[in-house]
Each structure stands twice: as structure tokens, then as C-alpha cells.
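There are two complexes below, and they share subunit A, which is joined by subunit B in the first and by subunit C in the second.
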Partner chain A sequence: MKTKLLPLVLGLVISSQSALTFAQEKITGLQIIENVYSRPTGTDSQGDLTMSLINAQGDQRVREIKQFIKDFGDSEKKIMFFVSPADVRNTSFMNWSYDEEDKDDDQWIYLPALKKTKRISSDSKSDYFMGSDFTYDDLGDRHPSDDTHKLLREETVDDEACYVVESIPKDEEYMYSRTVTWILKDKWIGLKKEFYDEDGELLKTLTVKKYEKISGYWTILHSEMLNVQKNHSTKMELTNLKIDSGISNDTFTERIMKRGL
Partner chain B sequence: MERLLNKLLKFPWLMLILILITSAGFFKIMKSNSRMETDLDEYMPQNHSAFVYSNQAEEWFNIKDGIIIAIENPDGIFNSGTIEKVKDLTKALQSMEQINKDDVTSLYTADNIIGTEDGMDVKPFFKRTPKTDEALEQLRINVLNNEMIFGRLVSADEKVTVIIAEIEDDVFSQEFYQQIVDLGKSFEGPEKIHVAGRPIVEGTMALLGPADMKRMVPIVIAVIILVLLLLLKSVKGTFFTMLVVLFSTVWAFGLMAAFGIPIYAVSTMIPVMLIAIGVADGIHLYSHLHLFLNENPDATQKQAVANMIQGMWKPVVMTSVTTAVGFISLLTSQVYPIKYFGLFTAFGVMMAMVFSLILIPAGIMAFGLPKWKKGAAEKASNKNSFAFTFSEKVIKYKYITIIATLIIVALSIAGIGKVWINSSFLDKFERDSDIVLTDQFINEHFGGTSTLNVILDSPEKDAFKNPEILNAIDKMQQDVDGSLQVVGNSFALTDYLKRMNKVMHADDEAYNIIPESRELVAQYLLLYEMSGDPENLWKVVDYNYQKANLTFQLKSDNSKTINSAIAAIERHIPELERNNVQLNYAGSGYKGLVFTDLILKGQISSLFLSLIIIVGLLSLMFKKFTIGLIGAVPIIITAVISFGVMGLLNIPLSTTTALLSSIAIGIGIDYAVHFLERYKIYALETGDKKSASQLTMQHSGRAIVFNAIVVIAGFLVLLFSVFPPNRALGALVSLNMFTSFLGTVTIMYLWLFVSNIYFNKNKKR
Partner chain C sequence: MKKSYLKLVWSVWALFLFVNSAIAQSLNWTGYVRNYVGMLSSKTNEFNIIQNTLNLNLEHSKDKVAFKVNPYIYQYPSQEMEIGLREAYMDIYFSSMDVRIGKQQIIWGKADGVFITDIVSPKDLSEFLLRDFNEIRMGVTAVKADYYLGNNTFELVWAPAFTSTQMPDQSSIWFPKMDFPVVPVFDYSQNQIDASLENSEIFAKFSALTSAVDFEIMGGAMWDDEPTTHITKTINPETMQLSGLTLTPQHHQLSLAGGSFSATLGGFVLRGEGAFYSGKYFNSDNPTLADATIERNYLHYLIGADYTLWDVKLSSQFIQQTILDHDEYIQNDEFENTMTILASKDFLRETLRLELFSYIGLNHSDALIRPKVVYNLADGFELLLGANIFVGSEGNFGQYDKNDMIYTKIKYSF
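This part shows the complex of A and B:
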């Protein structure tokens, strides 16, 4: 089952009892991250995503998106429809990402004003997602084996016990030189994460503001990414979330993209 | 006043020591506290609406001046060697601590918006340097097909490419410039590296001007000392005259430092003013002394000094007060450095007066009278005869004098009409200097080295998604680009949209237009954000699509160019206003233009203001309104000719040349007052118009000639300066001295003579 290192958009987390029983007395950084990564999630989810972008001047832009995600085993498919602002209503975006190594995602966009679906290529996991402060990687596809992990310490954050794990990418060219994650011990979700740039300076901080148990899954509902160097931030808020509601496979097609909501 | 002076002069040594100690004190403060202000933004009145708006806009769109580094390869840039250098140099610049990583733009960092088989993609032109011929050819085709890049980052002949590194205003220093030049040098061969851009020009100017002054001023002073020695024929006289100038300068700068006021570029004009004006008092005092001793060879030291003070304190005080008032009128300027310039020059002038009246007599008391040889005295009397004949000739050929004056004034007024204001920095350099040549080179190959930012502002959100408004902007861009030679190209949100519209329609040139609907615009922009680096977008439009930044690249930074671009832009204001869009300007070129304008307007209005005040003061001092008018003649003549010559010789008005009109006041008033006062004394003494004028010409006329010769000789040295503005300064100061002198002894004297002023009165009595 494909899972997320930081399940933000989806926020699907299961507080799996089995995962806890696997936890060793002396758990390593890698094990913690693997626990997070290999934690089972639901097969599909749908909900309303509100993405707010705030720049250094305090200007705010809000996008409302309806999204559907389904796991197909060796791939994950996602479709997003813009609800507002009005001038982009019914613009849709579809992404198929594959487990297979080195296989790039397939991405499409449908522009209703042009009445055409266009493919857009995804070059890099380091690209920022829709002008937000989240890269595609930050949203969740990074495999634990891409980094070297080290358990730094255990800490209590907001009265909850956390592991603090430092992850250093094996690829020296990677956009971050290291990240530090605070992971909730019993729920295996990242509560907070710091991203350091190539020069080792703090670039971004991610904070989880709200998480709930939905359909038996621990789910992150509100999170905020702040780029401390640019003083730009992005808030992601999920509402009306339904998990395992049985989304049809046919939802993830160009035909549905064009049809809209 | 006279009694006070005489009392003080009973203790000449005490006076000398007191002045020396205070001067030493001011010198110490000056040494330890003085600070040069090189950030040009600091010069501008920050609460002036144009600057407030521009500064805001600079923040909204991250508008900064860019250093331009051009890489030239005569065999074309599309080979792996040159492309590698673009990448390495870009990275080297990005890693410099003065430069923000995101502020470097080159072929390596630029986004390429391309149409793909079934969509659109935004990606870098290259990441790893292409090695194969196919890959290089692909890169070349990508560049040639992208009008957002071709002609902007790569020249049309494919031989030059530029890297632009934008920096903050306060970053530039000599070391930084050297670092950039050295960095460029290390990448040379076979490519040539050129460095240009406004920060380089501005920074070099701020450093070169004062550095050149530092080199030249000692020579100027040396020449003045030499000429003074020749004319005064006295080491002591020269020494004390120069001491007056030196101390007044030290006190002025010392006081400035004590108040924590930095030295601005215009402050370097203070010593210039004080040299030109300060030597006058000394020359007049010694000249008087010399004449007195000629007539009374047996007078004692005490008698001579008493006579000098009695005869000269009044004109010295009057000239200094009127000159100081003239400079204080500069306080009406909106520009702080100019206010300070006026205030501290006025202070220096007043101190020069105090020193002339205390230091010089005290010096004579303490060190004895200058030892004039008898031969010298005879020579002086030879000159007297020249003064006598001169004064007769002026009266005899009065119509020639009047007609000549009228012709010169008429010509000058015609010249004034041609005077133009120039805020250009580049025009201040030699035409064959590296900086000018590099600038020309880049202008030949690219849009231009100077920029003008047009900021569009709407009260409605998403206004710049409206195709009607976007089309109006596009029309303006095409009109201004197309109709003006000096405008190289422009860049705005419209360029992104046209490019995307084109690539989304299979590179069909017919779609190189603004998308037809607001929705399509919005969806393209969303698409761009999803595929590219939206950071670039925020340089042309704000977050709410309410404000837009349109950049025009200009071939020159001079005011004519900027104004012609503005005139072309303003034609489109009605159409924008119909759509509720306001238009403003921003950027350092525009601020420079407004700033120069502000200085000049202030300068000209203060010139008129001080003229009125001076006429009033003179009328009061001489208790005659006509004298006030007559006394204004040298000032008017000097100012009119000064501006006229600038117009005729095509010397543009700049901050430096404009300030020179102050010298017209300072010198003109000195000459007039000395002459008028002497004339009054001799008129009352002799009761004969002819001998009064001859004696005045011999007394004041002689001192005025000396003064003019000394300062002209000194400032002509500046003609050998390597920095053109300093050359203009030298020439104009010399010209002003000469016309002041000539105006005083010809037309002013003539008017004084024919007005019968002090003689009517006598007859009535």
C-alpha cells in the first residue's frame, strides 16, 4: 500500500495498532520514518481543499479545489477541480504518479476557456506545487531510502510525545541540505518539520494546525508552510473529507476532467 | 564694530592663538566624525510624492538596478565553452554575498515557455551544459524561437549574451566593483567580458568625482598661492589670505561633522565656493594696505592697520552678509544636501569675514607689515595710471560698452532658451572611457542599459486579467517601442500571456496576441504557476492583479531620452484611464530625473529670491534704492552669461553646474559692494565725479582684478581634470569670475557714473 511521508493534502493516517507493536524498544530514525511511510491508509479519499497563499506584503489569494484521490496499487491517481476564483472555475488538473522508479508523473490540465486538455510535464519533485510553498516532494512522495535518518531526541510538543528525526538527502544536489521532523509517537504523523536550504540555513517550517480521526484514520486537516526567507506562506485546509467512499476508477479520465463538477 | 575690532586687536597673539586652537578643534572633529554619503537615495526628499510612490513600487515588484555582464564571442555563443561560462559565471555571481541568489538572470536561470506536442511546458533552457552539436543546436533553436529571451538575453547576431545581477542601492563599493571586474576577467578568452549597468556608472561616478577633486584641489590651491604671491608681492599677505580660506573651510566642515551631517557630493562644492569668495576679503584688505602705504610710506604698523580697518570693515561686512544671505536662500530647497550646502557655505562665508577682520590685522600686528619693495610700489602706481585711463575709456566709449553688454546679454538670453537639464550619470564620463564604450556596446546589441518602470494601478482586483486593459498595455508597448529609436524594448505581463497563447496554439504566430477572454487569461496564469516559477510573475504584476509593472529599456539615461519615452507613454493615458487604470513611474532613472528637476527649480527660485533680498539689503546699506539696483548688475550679468554660455555650448544643467549660479551671487555681490563703497567714499572725499571714479578704479578695480586673476588661474587647473564634470566646473567658475569682474568695472561702473548718485546729493547740499 502506498503511503505518504507527510500526508498533507490527503492527510490519511491510520493509527495502526500493528505498527505500534512493531516498534522496537530502541527505535532508529530510519524505522520511525519507515513507520510513517509504510503506514496503511485508505484506498481513496475526496474532499474540499482550500489553499491560501500569503505573500510578504500580507496579500492573500484563496483557491478552492474539490479533489479526488485513489490508490491503484502500483500508481496513485488524483484529480482536482477548481471551484474558485470564478475565472478559473472548472479548470481541472489530473496527476498519475507511479511507484516505478524513474518513471515521471503524467499530468494533464484542462482549460475550460480553451476547451482543451493539455499535458504538462513534471520535471522535478523540487518544483513548487501551484505557486504554493509546498514542493511536490513536500506533499508526499519521498521514499525513506532517499535520505539518511537519525533519531536526534524525544520531545513533547503540545503535550504529545514526539520523536525528532533528522533526514539528510543522499543526493547532494537535492534542494534541501537536511530536514528535521517531529513525529507523533503513537500516531506516526509529522506534526512539525523544518527544511534547511543548500547553505544549511532554515528555509521553511511546516506546522500541522489540526488533525482528526476520520473513518478510523488519523487525518491532518490544517497545515501551514512558511518560507521564512521569503516570508511567504501557504495554508492548506481540508473539509468535507470522506475516506474509502468508493470512488469509481472512471473518475480519473480526461473525459471527466472536461465534464467538470 | 570698529571699536570692538580695535579692542580685540590690542591682543593680536591671543586672537591668533584662540583662532588656531578652535580651528584645530574643528579639524579634529572633522577628521573623526566626517562621513561621506554615497547612497544617492539618501539625497532625495523621501516625503516627495514621486519618490514615495517609486520606493513603494520598487518594493512591490522588487525593482532594483542591475549590473550587466556581457559575454561576447565573435564566433557565436552557442558552443559548449561559452554556454559553460554563462552557467559558471551565473553561479559565481549567485554565490557572492552582496547578491541575492534570485536576483541573477541569465540564459541559465531563465524560464523557457515552450509548446509541446500536446501542451505547454516551462523549463530551464539548460541545466547541464549541452556538449553535442545537436543539443547545442536545440538550445539555439529554443532561444531563437522565444521572443521573451532572444534580443533580451541573447543578441540578435547570436554573438553576445548577458547576465544581469540586480543589487540593492547600498551594496556598491569600490571593492565590490573590483570583485565583479576581476570575476569577469577570470572568465575571459576567447570570450570577452564587458561590465556595465547603472550601479556601475553611479558607483564609479560617486567615487571618481571626489577622488579627482582630492587630486586636483591641492594643485588649485598651489596655483592660487603662487598667483597671490605674484600679485600681493607678500609672503605674509598670501599666507594670511590663504589661512582665512583654509580656516573658514575647516570650521564649516567641522561644524557639519559636529552636527553629524554627512558629506554629500554637493558638499564638495563648499571649499570651491569658499576659495572663490574667501580670498576676496584678504585681497581687498591687503590691496588697501598697499595703496595706503604707497601714499603714506612713513606710517606705523598701528596706523596702517587702523586705517585698513576703518576703511574696509564696512565693505567686508556688507559683502559677507549679502553673500551669506544669498546662500541661506538655498534653505528654501526641498533637497536636504542643498539646504546644508547653503547653510554651511553661508557659515563659512561669515567665518571668512571674521577671520579677515581679525586674523589679517592680528597677523600684521604680530608679524609686522608686509615688506613691499619700493619698486613694487612704483609698479603699483603704473597700474594706477592704467586704472585711470581705463575708467576714462569706459565713460568715453560708453555706447560701445552699453551696446556690447546688450549684445552679450541678448546672446546669452538666446542661449538660456537652449539650456537643457540632464540627470544622466553616463554623460558625465569621457566619451572614450571604458564605461561609456561598454554601455554603447551593450546598447548596440540589446534593448538598452537604462530602464524606466511604468507602474499601472487599478482600484479593482483582477484588473490586469481584463483583456481590454491588457490590449491597451500591449498597444502602448508596441507604440513606444516602435516609434522611438531610444527605446529598445519593453517587458510586461502581456509578454507572458502572448507567449503562452502562442505556444498553446502550436506556435502559431497568429496567436501571439492577448488572449480573448478574462477566463483564458486567468487559466493561462494558473497554468504558468503550475508549470513554472511564479516568482518571475511577481516582477510584472502583483498578487491581486491590481498593479502591474511595465519595464522599458532605454538606450541612454539622459533626460532627453527619458522625457521622450514619457511623452510617448503619456499618449496612452486616456485609454488606460477609461479603464480606471492609473499610471505612474518608478525606478532610479526616473527618480534621478525628478530629483534633478527639483534641484534646478529650487536653485532658480532661490536665485531670484536671493537677488530680491540682496537688492533690498544693498538699498538699506547704502540708503538708496538705485544703488540696490546698480549693485545687482554684476550678479545678473554673471548669472545670465553663465546660463547663456551653457546653452550655447550645449553644456547641460546638472546638480553641479546649477549650483554654480550661487557663485554669481557670492562674487558678483562682493565686487559690487567693494566698488560702490569705495566710490561713495571717494565721491564724498573729492566731490569730483571723474577723480572719484579714477580713484575707485585704482583701489577697488585693482583688488577686483587681482581677485579675478587669482581664482581664475586656480580654477583653470581643473581643465586638466580627468572627470568631465570637474572640467566644466573649472571652466564655469573661471567664466563667472571673469564676467563678474568685467560687469562690475564696465556696465555697473557706467551706470553708477551716469546716475550721478553721490553728486546730485552734494549739489543739493
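This part shows the complex of A and C:
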């Protein structure tokens, strides 16, 4: 499965049997990011996502989501059902993303109060997702060709060997001026990522708190995004995860958006 | 409502709650409690609405069946309490088909705040267009069958009993302005449609959701949800002057065909919707007409776009109604043009939202402008401060120029 969803946050990560065909000393920043982007994963996954939004005073708000993802070969489809808070319960969101480089995602949202499925634009990837510290782009898949990548160094983090890669967007108007990612050498998952704002100041830090091998795939289960400028953060936890459970194609339809599961 | 009837309703309700406690663990209870206070900004500063609301959604489902009941209560300090069922239906799920039976809201089309192909559920206009949209929609008793082929849906709706749009009471500040030379008398004897097979309504829709475009094609044979007022004049034979007017609201059968679409184009979502209506009765000033009405076909359509600019979500629609074979006596304009504009922006991690929505009547230079501020004090707990500002002196919105109001809504969802 092409890993469109949460490559650094929730991505289902296969261990590196295909890993590096490159000699370690020759690998480039682009090759590292491409390995992360194109690693094979399961065909489908489902799980419960809990986001805890914590403000500077320590107050916490919780959003619960049930999500389903499936690879269809040249596209990936995802459907999310909002469980809480109560005022968004039964709202659902569906995203179809495509391998084709210039093709935008298709997105729909079902609003139970209006009983209507609305097509929405996927253009606002810099918007924050449900008031969290993750933008849609942070959660989605950013194609390696969108940035210029440079291997800065190798480091050991928590006794794990990592590549440290700097990525600079080719689009100068992009919300981040650069990102720096610590990528586990043997697992091809990002363990830590720093996001710098348009002025080059550190804006956010993403830290992976827990990952496990589930159904043969390395999976990040708990991560945290900290906005260091505003001192608020978002914890993201994935539970009840099932991989390759055989989700029906019919799950990714307007019928199920309206009906729920 | 008599007190005894109220007691009965409450008793049944209490019994219902008690019985359901046995299956409470599997019954899904959601809903909201809301306080709504509105004050006219005219010189009287009169509270035109003080309302407390309980809205419940009771749902239960098994593998192939489900039900939902949506009772609501509107309580007023100086009016009769309103109790009703917005929806009460059962679902049966088959592998490629769903069937829903009972009172249900059925929403069609791609338009926002405008009703073109969205004609299955009648509207509650007792507060004009000011209620939340899920409260404006009235449930209609129907059998609805949806057959699915991937993301294509064939939908068939049969409504055995006609449900009329709820119009404002004559004493309401939202009762449409009427200018007559003499005080009219209303005759509601023709306002009811008996429930019979011949009088039932049928609607069909094909909809598709694709990567390139979403679209719907629909048709219906129905009754006009909003009655046409037939006017009978009484002439004094001695003076040959008008001595009386009798207004007889009457529903007529309509047939219509239409469709809608939405598609993304860059950062824009483009939307369109249109329908051809046959059999509509319009009021006419033609003196040769016995009851001041004439039948004409008309077209109703819109084009709209949604886009985001500097983190402000913007949406606008242009709507036109065109009466075919129009003549100078028909009271409605041949072309009636309306616009809607929506702008909203979130702040404070989506806990604060500023929003402005407006209907603009282009024929009469009138408008309804609805700014509001919504703050989520806690998850599911919402404070809203808003205003309804009517601009102009005539037209759909200008006629309510004296009804400018500010209001608050405090809502707790559970």
C-alpha cells in the first residue's frame, strides 16, 4: 500500500527487508525520503484515533475518530467517522488520494445536521485538522519531489541509529520554510521532526512516543506535536489497530458515510 | 394544548423512558439542550422569542435493521409548549439496498440555504428562514429505497400522505406582508390534501459520486408544499365597489425535473443546481381572472462556488427564478435574482468562529444579513451571539425590515 496516511505519525511501516539497496555511505537525503514515502505496507488498516489537544494552561480537549484506509492500487481511500465531541458525532470525512503526481485529492464531508454530503476542496492543506497542532499536510502524504532534501548527519536517538534529513519546500509560499526529520535507519519511520516557520524559527516539534510491530508492520501508536511558539500540543494515539483485515471496497462510499458503521 | 393532553403526553413519555431503561445500554442517546433568546432591535426592545429546547436522537441498530426516533420539545414562557417528532423511522439494510420507512427528513441537491431540487421534505417557515436548517426541514412520512452500485445511488421515495410547508401564523411577525384595499377573510377549506393513493407523492433520483464530479438527476410528481392564495372578490352591486376579499390557500400538483452537480477546480468547489417546474400557480392582477391566479411553468437554478482566501472560508451563490410565458399581470417578476454570501473564519484552535451569511435580493435591493460569533466554552458546549438584519422595504427580505433582532443561543450537546 502506498503510504498516504500519516507517514511520520501513524504510518504503517514495514521493516527494511527491501531497505537500502544503497550503500550507507552513498545514500542521499532524497533517497532516504523516497524510501520512507514508497515503503510497502499492508493493503488496509483500521483503528481508533484519539487526539488530545492541550493548551498552554494544561486544559485538555479530546477528539475521537474511527478510521479506515485501503489501497486500491493507483489510489488510496480513507474514511473517518467522528465519535466525539458530541456536537460533531456522526460527521464523516472521506478522502481519495492518487498516485498521479498532479492530481489533487478528492474529499467529502457528511454533515449529519444538514443530512448532506459536501465535496470540499483539498487545497487548504495548511489548515489545522480539528483544531489540533497537525495540519492536513502533516497528516497526509507529501511527495518527495515537493521538497529539496539533504542528508545533514547521522545521529543516535534513544539508542536507535537515525539519518537526519533537512527538507526545503520548492514552493516558497509554503507554510514551513524547512523541516528536519530524524529517520530510523532500519525501519524507515520518522522518530522526530522539526518544523520551521516562514521566518526560519522553530515552530513545532513532532515526537514519536511509542511504536510497535503489529501484524508484521512497524506501526507508530503514540506521537505528540508541540507548538513551541504557542506552547500548546496535541497527543495522537492509535488503538484497536487491525491491518490487512480485508476491509470491503464498499466501505469507501457515500452510503457508508451517511450510515456510519 | 389542553392540560390533560399534556399530562398524557408526559405520561407516555415517562413510560417510554422507563421501558427503554431496560435496553438503555444498547440504545444510543444523543441530542442537545438549548436556550434561545431573541430581541427585536426596534424601539420596543421586545423579546420576540424566548425558547428552551430539548432535542433527542434515540437510535438502535442490529445487523440488518435499525431505528431512529427524534422527539423535540420547544418550551416558551408565554406560549404553548410544542412537542413533536422530527423523525421516526426504521431502516432495513440489504447487501445493495437500504429501505427506510417512516417519518424522515430527505435532503437533496447541492445548494446551501436554497431549495431547488430539495423538495421532498417540506419546510417549517414559522420563523421565516431563521431556524437552524435541521429545524427548518420537516419530516415527511415516506418509504425510501436506495439501491447502490458502488458510488452510484438510485433513490425512490413514495410519500403516501402530503405534508405541507408550515407557514407563519397570521399573528406572527413573520407572516408575509399583504396589502389589500379591504381586510380579507381567509378560507382554509381547500388547504388540506386527503391521504389517498391518488394524492400520494413520488420522487426519484440518480446520484453519483466520482473523482471528477458529483451529480444528481431527479424528478418528482408532487403537491406544491407552499399553497397559492386564490383570491375571490365580492363587489357591492349597488356601488360596484369592492366590498370583500376571500383568500383561499390551495395546494396544486406540480411535476418537476432537475439536477445538480459539484466539482473541484483548483482551490474552488463549483456547484450548480436547476429544475424545471410544471404546474405552478402564481398570483396575477389580471382582472379577467376569476381567482387572481394563473398557471405557469418556471425554471429555478443556481451556480455557486466555495473557496478559501487568507484562511477565510468563502462561499457565494447566484440564484435565478425564471417564469416562462410571463405576462405583465403576474405579480412575481419574470426573473427573480438572489445571491447568497457566506464568510467564516476559525480562531483559537477552532473554539471561536466568526461567520457572516447573507441572502441578497437583487430585484428589490433587499437583504437578510446574519453575522454571528460562536464560542465553544467546552467540548459540546456552545455560546452563540448573532443578529438578523433585514435591509430594504420590500421583497422577500425587505418586508421584514422592522424585524431586525439580536439573539443568543446556548447549546449543550450530549
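Just so we're on the same page, the second predicted complex is superposed on the first by the 246 of 261 C-alpha atoms of A that agree within 3 Å, B and C clash if a C-alpha of one lies under 4 Å from a C-alpha of the other, contacts with A are read in each partner's own complex, and residues count from 1 in each chain.
The rule we apply is simple: a residue touches a chain if its C-beta (ideal position, glycine included) is under 8 Å from a C-beta of that chain, and two chains touch if they have at least 3 such contacts.
Since the model is a prediction, treat every value here as computed from it, not as a measurement.
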| request: With the two complexes superposed on chain A, say which partner A:T156 touches: subunit B (first), subunit C (second), both, or neither. | output: neither
Would you sort A:L114 into first (subunit B), second (subunit C), both or neither based on which partner it touches?
both
Of the two partners subunit B and subunit C, more of subunit A gets touched by chain C
Look at A:W96 in the shared chain and tell me whether it touches subunit B only, subunit C only, both, or neither; answer first, second, both or neither.
second
Have a look at where A:S84 lands relative to subunit B and subunit C in the superposition and call it first, second, both or neither.
second
Between subunit B and subunit C, whom does A:V62 touch in the aligned arrangement: first, second, both, or neither? second
Query - Which of subunit B and subunit C A:T239 touches, first, second, both or neither - result: neither
> Does the superposition put A:M130 against subunit B (first), subunit C (second), both, or neither?
Replying inline: both
Both partners, subunit B and subunit C, contact subunit A at residues 53, 55, 61, 85, 87, 108, 113-114, 116, 118-121, 123, 128, 130-131
The subunit A residues in contact with subunit C across the complex are 53, 55, 61-62, 84-87, 89, 96, 98, 104, 106, 108, 113-124, 127-128, 130-132, 232, 250, 253-255, 259
Within their complex, subunit B touches subunit A through residues 60, 116-121, 123, 462, 465, 504, 515, 517-524, 526-527, 529-531, 533-534, 538, 542-544
Interface with subunit B, subunit A side, in the complex: residues 53, 55, 57, 59-61, 82, 85, 87-88, 91, 93, 108-109, 111-114, 116, 118-121, 123, 128-131
The residues of subunit C that touch subunit A in their complex are 30, 32, 93, 98, 105-107, 110, 132-134, 137, 146, 148, 150-151, 153, 207, 209, 211, 214, 262-264, 266-269, 306-308, 311, 346, 349-351, 376, 378-380, 382, 411, 413-414
